[in-house]
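Both complexes shown next keep chain A, but they swap its partner, so chain B is in the first and chain C is in the second.
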Partner chain A sequence: MRDKIVYVLGCIALAILAWNTYTIAFLPEETRQGVVFKIIFYHVPVALTAMCCSMVALVASVLFLITKRFIFDALAVAVTEVGLAFLAANLVTGSIWGRQIWGIWWTWDARLTSALVCWLLYAGYLMLRKAIEEPTQRATFAAVFSIFAFMDVPIVIFSIKWWRTQHPAPVFWSGGSFPPDWTRHFLWNMLAMVLLGVVMTTVRFGQEQVQREIDSLRREAHAL
Partner chain B sequence: MRLVRQVLTIAAKDLRAELRTKEAINASLAFALVILLMFSFAFDPEADTTREISGGLLWIVFAFAGTLILNRSFAREIPNDCLDALISAPIPGAALFLGKAIANFLMVLAVELVSLPIFGIFYNVHWAQQPAQLFGVLVLATWGLTVIGTIFSALTVNIRLREVMLPMLTYPILVPALMGAMRLTAVLVLGKPIAGDDLSWLKMLIGFDVMYTAASLVLIETVLVS
Partner chain C sequence: MLLLLAQITTDDLQREALRLQHDYQFLTYGLVAAWVILAAYVMMMVGREKKLKKEIANLRAMLEDRR
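So, the complex of A and B:
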């Protein structure tokens, strides 16, 4: 039953994305940036989803350290993997926009750098997990590392204010002018991305639970 | 008061062990020299350019050479099960962590203080225009480097590919601190005062140190027990 709900939700997310992409294609072009501006409908929602993922990863990691229940560890690894994929999508879409507007794929601006650092941190998290065999130790060390990695996230968010940056000021919170009907499209995309994130995390979470079951059965078989 | 004594005991023990074998500090110094040599092939050293990029060059040397010392910090306790003895000793994990961090800090700082004049000689850079401030920046950034390095040294001591994992985990976390240190060092070597934008880098460096020292002290017990 749970599987069916998850797949239905996934289909809904994809349907919203497809319909929204279709309608966004017919929106007028932005005056100065032209058609490439529309990448913001994807760039920002994936960034926000990735941020949500890292927050859930932090909460799950802290909860694991407090309760020592492996269900939180499974949630942390699932949500981190999904967040990493979303952050990669964010970096790629940003890069495409940069190529069109700035003329370069990449610049070592504070915000871009911090996003890349975050990506490397969470990739390190997954590598750390791979390097540890013992489940309790793996979960504990990964949780500690996740907390350290999360402390880097505020630097990403505030770096745009702290440091000189070429990254455009946020359109949504600092008095940017985004037309209201465009905001509606943006919010639909936001919903679709979050939904997609939830579906992917749930699927990955299920796999992690099954993996743990297989491991414990294998240990039992060895013991016999 | 008792905690201070315990911290100092651990730090003294680590320093004594290192001074007797000199394995980490010698390796680290030699490595720093090798990197300094490699730079001369990487670019044509001219005094002006070198001074401008001195912050970056120096901190790459310090970060790489420092990792060798930090890697040994907990790995040194593996033979003869010393780590188990240390963990079961009647001292809090925070004391063990702080003691080790202080010992590492002093060793990394020593390597830095030796490499700095060598860098000055090799590349004809008058680095000592504002020595007190430069020392302050060195202390702040080295403390950040050692805190992160020490806790991750504890984290990676028992896992596969320890030598590879430690730098891979520490450098991304250290990026903000290293950026600040590179910027401030370059400014000071150029003989300019720390003002304006650079002040926020200084604040960031201090904030980084405080934040990660606090987090490490809270989490070290969890790391040591598992």
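So, the complex of A and C:
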């Protein structure tokens, strides 16, 4: 039953994205940046989904350290892996936009660098998990590392306010210039990406539970 | 207005068409890149799911045999 709900939610997310991509194609060009500005409809929702994932990972890691229940560790690893995929999509789409608007693929400014560091930290989290065999030790070390990695998230979010960066200033808040009639399309994409993130996390979480069952069966087989 | 239109040369039109083409090209790259990354991750998960199902079935069968 749970699987069916998850797949239906996934299909709904894909349908929203397909329909929204079609409607976005008919929106007019942005005055200064032209049609390439429309990357923002994907670039920002994937970034916000990735940030949501890192927040869930933080909460799950803290809960694991408090309760020592492995269900929170499974949630942390599932949501971190999904967040990493979304953050990768964010970095790549941003780089493609930058090549057309700035004429360069990459620049070491505060937002881009902190986002890359964030990606590397969470990739490090997954590598750390692979390096430790003992489950309790692995989960504890990973939870502490996840809390440490989260310290970069506020820097990513507020870097465009704290420093003068090449990355554009916020267009949605602080008197931003995002056209109000485009907000509806943006919010639909946001909803679809978050839904996709929830579906991916649920599937990955289920796999982590199966992996734990396999580990316990292996121990049982060893004891027999 | 007519005077302004009269100042537009074929070069201007060609330049504008080229700019638009370039813009659409990069927009397509962006969308394709985002989809490819997410699709690659989904494929990875599908592969992992198959591996886990096979592994758990083998382990269960092995345990049944030993018992």
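As a working rule, the second predicted complex is superposed on the first by the 224 of 224 C-alpha atoms of A that agree within 3 Å, B and C clash if a C-alpha of one lies under 4 Å from a C-alpha of the other, contacts with A are read in each partner's own complex, and residues count from 1 in each chain.
Definition applied: a contact is a pair of C-beta atoms (placed from the backbone, for glycine too) under 8 Å apart; a residue touches a chain by one contact, two chains touch by 3 or more.
Everything numeric in this text was worked out from a predicted model, so none of it was measured.
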{"item": "Partner chain(s) touched by A:Val35 [first = chain B, second = chain C, both, neither]", "value": "second"}
{"item": "Superposed model, chain A: greater residue contact from chain B or chain C", "value": "C"}
{"item": "Touching partner for A:Trp105 - first (chain B), second (chain C), both, neither", "value": "neither"}
{"item": "Contacts of A:Met151 with chain B and chain C, given as first, second, both or neither", "value": "first"}
{"item": "First, second, both or neither for A:Arg204, with chain B first and chain C second", "value": "second"}
{"item": "Partner chain in contact with A:Trp19 - chain B first, chain C second, else both or neither", "value": "neither"}
{"item": "First (chain B), second (chain C), both or neither touched by A:Met127", "value": "first"}
{"item": "List of chain C residues in touch with chain A within their complex", "value": "19-20, 22-24, 26-27, 29-31, 33-34, 37-38, 41-42, 45, 48-49, 52-53, 55-56, 59-60, 62-63, 66-67"}
{"item": "Partner chain A, residues of chain B touching it in the complex", "value": "148, 151, 155-156, 158-161, 165, 168-169, 172-173, 175-176, 197, 200, 204, 211-212, 215, 219, 222-223, 226"}
{"item": "Interface residues, chain A side, partner chain B - complex", "value": "65, 113, 117, 120-121, 124, 127-128, 131-133, 136-137, 140-141, 144-145, 147-149, 151-152, 155, 162-164"}
{"item": "List of chain A residues in touch with chain C within their complex", "value": "21, 29, 34-36, 38-39, 42-43, 46, 82, 85-86, 88-89, 92-93, 96-97, 99-100, 196, 200, 203-204, 207, 210-211, 213-214, 217-218, 220-221, 224"}
